[in-house]
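Common to both upcoming complexes is chain A, partnered first by chain B, then by chain C.
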Partner chain A sequence: MSDVVSLSPMLGVAVIGGTLAIGAYGVVVIDRLLYAAVAGWPLSLAWAAAQPAREVATVIRRQPVTTEAPDMILWVLAPAAYAGLAATALSVVPLGPGVVVADVRTGIVVFGAAEALAIVAIFLHGWAPNSPLPMIAGYRFVGVALSYELLSMFVLIAAALPAESLSIGAIVESQQGLWNVVRQPLGLPLFLVVTAGVTFTGPLDIVDANDIAGGGAAEDSGMAHLAWAAARAAMLVAFAAAAAAVFLGGWIGPVLPGAMWMALKTLAVVVTVLAGRHLLARVRPERFVRLAWTVLLPLAFLDLAIAGAGSL
Partner chain B sequence: MPVFAAAGVGGWGQTQELRGVPELRLVTTPRHASVLLVTGTVPEAHLVAVQRVHDQVPHPRAVVTWRAAGTAKRMPGATYVTGDAAAVVTAVQRAWSALEADPWSTAVDQLPDVEPNEWRGIGPFGQGGEGMMGGTPYGRPMAMTGDDPDGLALDELRLTLGPFLDALPAGLVLDVVLQGEVLREATLRLDALGGTAADATLPSEPSSAMARSGLRWLAHALHVEGLDALAARAAALASRVTGATDRAALSRHADALMRRVRRTGVLRNLHDVGVVPGSGDAAHRWRERMDAIVCALRDNQMPDALEPTRLDTARDLLADALPGSTLTAAISTIVSLDVGGARFGAGTLR
Partner chain C sequence: MTLAFVVFAAAAVWTGYRVFRTDSMVRASFLLLASFLNVGAILVLMLAEYLGTALLFMMTVEMVVMALFMVMFMMNPAGLNPMEMVHQPRFAAAAGIGSAAALAAVALFGRFPANPVDPNAATIRALGSELLGGSMLVFESAGVTLLATMVCAVVLSSHRGRFGDGDEGSVAPPLEPGGDHRPEDDLVDDADGGHHMHHGGH
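And then the complex of A and B:
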């Protein structure tokens, strides 16, 4: 196993904050490029690269409007909590060979806890404005959240079995000979479903959905809108990094430095999830719940069984 | 540039085509917009609603009216545009540049920041209800428990959606009673826009006009189902239909778009949604309309499938279909029926 490089708390905060900020910027650029490609617009990297800055400049100037009798504390705290959970999740993911901000032996458990608590943040974000459409979005999300949360638990435990450890660094090391995406072929697709669920992207964009005028974010404006959008992008970065580490061998790869491999694999996951956003229709909540319990959950059991059999 | 569009008579279809314009981004809520775009003439009955939408756009905000002669004078400080989509883009960009230079030139609120009704204690505009629930304080209906089909007592929330809800056709108002996301009661209203009444004139290229109207419907329907990039593609195609010389190329593009749409899984998702007598489910209606758009472009035909559904017909069809469905299924159903649409949307009502 590689030696683990311990980062001081201040440096750790800077590394996580910087990674999430750069990652969130990249998410918006990639999203705009994919949007343009699917819409049939001319592709321009310069145009796409300028979009995040333009949007931030526009949104930040906008007046933060509040509703009547909102729960202001929760309204402010929800995006902060969601972003904080993204940071917590990323802190246990190694960003390079042995480089991890929080090298805990139970990294998978910490990651899973952050994922589970995200449900609370997303629901409260819908609840706080005291407005019907955001509240409906919150209901919807809670209705489907358990269905994808269970998948996450099984696929992450399956990935931990060959490593005989709950540390994500150890899981990466266990993929030296064979990546988990090959060893456990069901794991990554199921984890991508989880990623789409917790970041409510693409087919699982049931929270901030167009049919309910933006749902949970329908009443956000100005900084509140920016904070929520940034937190969503940050959560996608954290989950893409985890997918890269747990299923795609993390930093393992020839020629290039390990951190570069990690970044490239994270990028690949981000592109995959965002492509799903533009190429797959939103699934109705009740349909997803039925699909999750009758098809996806049995597949997750199967994934765990395959991992268990392989570890005997 | 984030723009919220409020469409009145004659404005809905041309608004949908703006989804294909890269310089503008039509947003789903006025809270995310910098510019309010009022298209077509807003009927008198919806003036207060559009003023309310206006006041929900955060400062600094600008207002642009497009072919909205009857409404422009009710929007002080608005830029009035009569040209094509390019003229709208120019007007929106100019309005925003002016705001950037002088944020204090923001459009002022149109309605006073007061309660919609006075507090009257117990009564029609009072607390009413029981305990801490129910009643209509200040005229706002509050949730009250009601029995659901399983015998449970769940909160019932009364909501009015529209007439400017982005997901619904322009002018359509949907009154619902919700338990969670399940509709217990639903009533459609389209009293102010007059349904298809403005469609008396036959355009010079009726099949093109129908195809264009169909593509505009598709752009909106794709947007509602979360497929904004494909909606932009449909909208751009719609804007190229009228006067196009190479109809064969257009129909090939439309065919390619329909294949892409089918691959998104949207039809599977709409399977068994909004089943109404004689019209099948929403997926069936989507399939028919998509085939009809290609057919109208390729064979110069006017397929029946592109006929919109009149409101009175829709009311009958949906009387049994909406109660018991979820809000998302109800909206998908209404969109799939093209309720209150116009046959030749390009030139007239939509």
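And then the complex of A and C:
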């Protein structure tokens, strides 16, 4: 790939940080708008746009509380690790025509590694406070996470097949003419399941769930709570961008500049996932595990078979 | 480059050492993971990009599975309580130091070919051709053997439960000697009382 613009490290850090910050803000605004829409409140963009600042102001003034004998290092580092993994995942996703922060040949594998390590960060965030409900939530999340993790591997490998490359830039290029969402119709829905799992949103809000008193985040307070929420929004941005690049043709589109198409498609994925958050009920962990291994995993195999047959 | 290698190598050794000094299964698992991540980074430095990054996610999922299964099968349900993590510590330490010294001797005194990899070489393609070509039978048999081993290990170790063998109906002992009121009877099922059927069946 000779036409790839690789950003300098400093610029790359600024681009990733800026994209994640603006994106995370947008995620919260869209989420509150969707909440208002589902609740039947009057829709006000001004209210939603001010909502993140309002919530930050509320949370930041709360007293930080701690538990008895927590693993403080892990507890403090978990949100940082989770946000760092969001940045890592986004760094291999091309944001415009040939513009990618880290143009590595194994982009999709790096993305998968960030996704797998996110499981560790989420689990340790629940395990570290040394408190029953966060710990239970952490363990039940691991059960669910091990079930969705394989789906992600298969659908991403299937997307890499027609591109004959593990680079996400090459995967976008391979969708000139026909997007993967059409060529491999099972890929995007399965990847959205994975996205809901990694960002523990909607039906897969298994870890920080209300049915377990806040779960992994039950003992978080003040800034720690804020950091975790921000990291979660950033992770959704990274996964939505990856879904847009791998399945929706990335920057490919008429008239508008490529980066604009990429932003619009990412936005569409974010809205879809967040709508699922407000419209779908949370699935019970054991029910999801059964569904994942008996229905979703065979569908992922089928997706791989379709991709293989299409690439012959 | 050299500095990065030294940092990753030192971190790999230090976290590897910490695995045996910690008192928690969860900490031990994830310290081992940290050690593997540093080894993966060294592989990436050596331009084995695919092997390095694949090691990252393989080891991550593997260590998560290991932590989960260790906690499931052992007496320490949380993994946060202190417990002794080493068996035969003297023999293990001697064997570890001995094999590390042997490997170090090979690294120091062995003669390695100077054969730098061209950064633009199609190493990933070559690796794929090897794995799914000449060495396919070896890798596939190893994979299936490992899977069978894991399934068998789970079957063998889950036979004996906390309150007796699985095939004899493993139920908690009654709260009073000779009585039939068991702890889980207090967890009343609201819907159909399905919980009580467990005892009738055995």
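Assorted remarks:
FYI, the second predicted complex is superposed on the first by the 310 of 312 C-alpha atoms of A that agree within 3 Å, B and C clash if a C-alpha of one lies under 4 Å from a C-alpha of the other, contacts with A are read in each partner's own complex, and residues count from 1 in each chain.
What we mean here is this: contacts are C-beta pairs under 8 Å (C-beta built on N, C-alpha and C of every residue); 3 or more make two chains touch, one makes a residue touch a chain.
Treat the numbers as computed from the prediction; the structure is a model and nothing was measured.
By the touch criterion defined above, A:290 reaches neither chain B nor chain C.
Of the two partner chains placed by superposition, chain B and chain C are both touched by A:139.
Using the contact criterion defined above for the overlaid structures, shared-chain residue A:120 touches chain C, although it does not reach chain B.
Of the two partners, chain B and chain C, it is B that touches more residues of chain A. Shared interface residues of chain A, touching chain B in one complex and chain C in the other, are 139, 143.
On the chain B side of its complex with chain A, the touching residues are 1-2, 20, 22, 27-29, 31-32, 34, 56, 58-60, 100, 103, 157, 159, 165-167, 178, 180-181, 223-230, 232-233, 236, 263-266, 269, 273, 326-329, 331-332. Of all the residues in chain A, the ones that touch chain C in their complex are 71, 104-106, 109-110, 112-113, 115-117, 119-120, 123-124, 127, 130, 135, 139, 142-143, 145-146, 149, 166.
Partner chain A is touched in their complex by these residues of chain C: 26-27, 30, 33, 49-50, 53-54, 56-57, 60-61, 63-65, 67-68, 71, 78-80, 124. Residue ranges on chain A touching chain B, taken from their complex, read 34-41, 58, 61-65, 132, 136, 139-140, 143, 202-203, 205-206, 209-214, 217-222, 225, 277-287.
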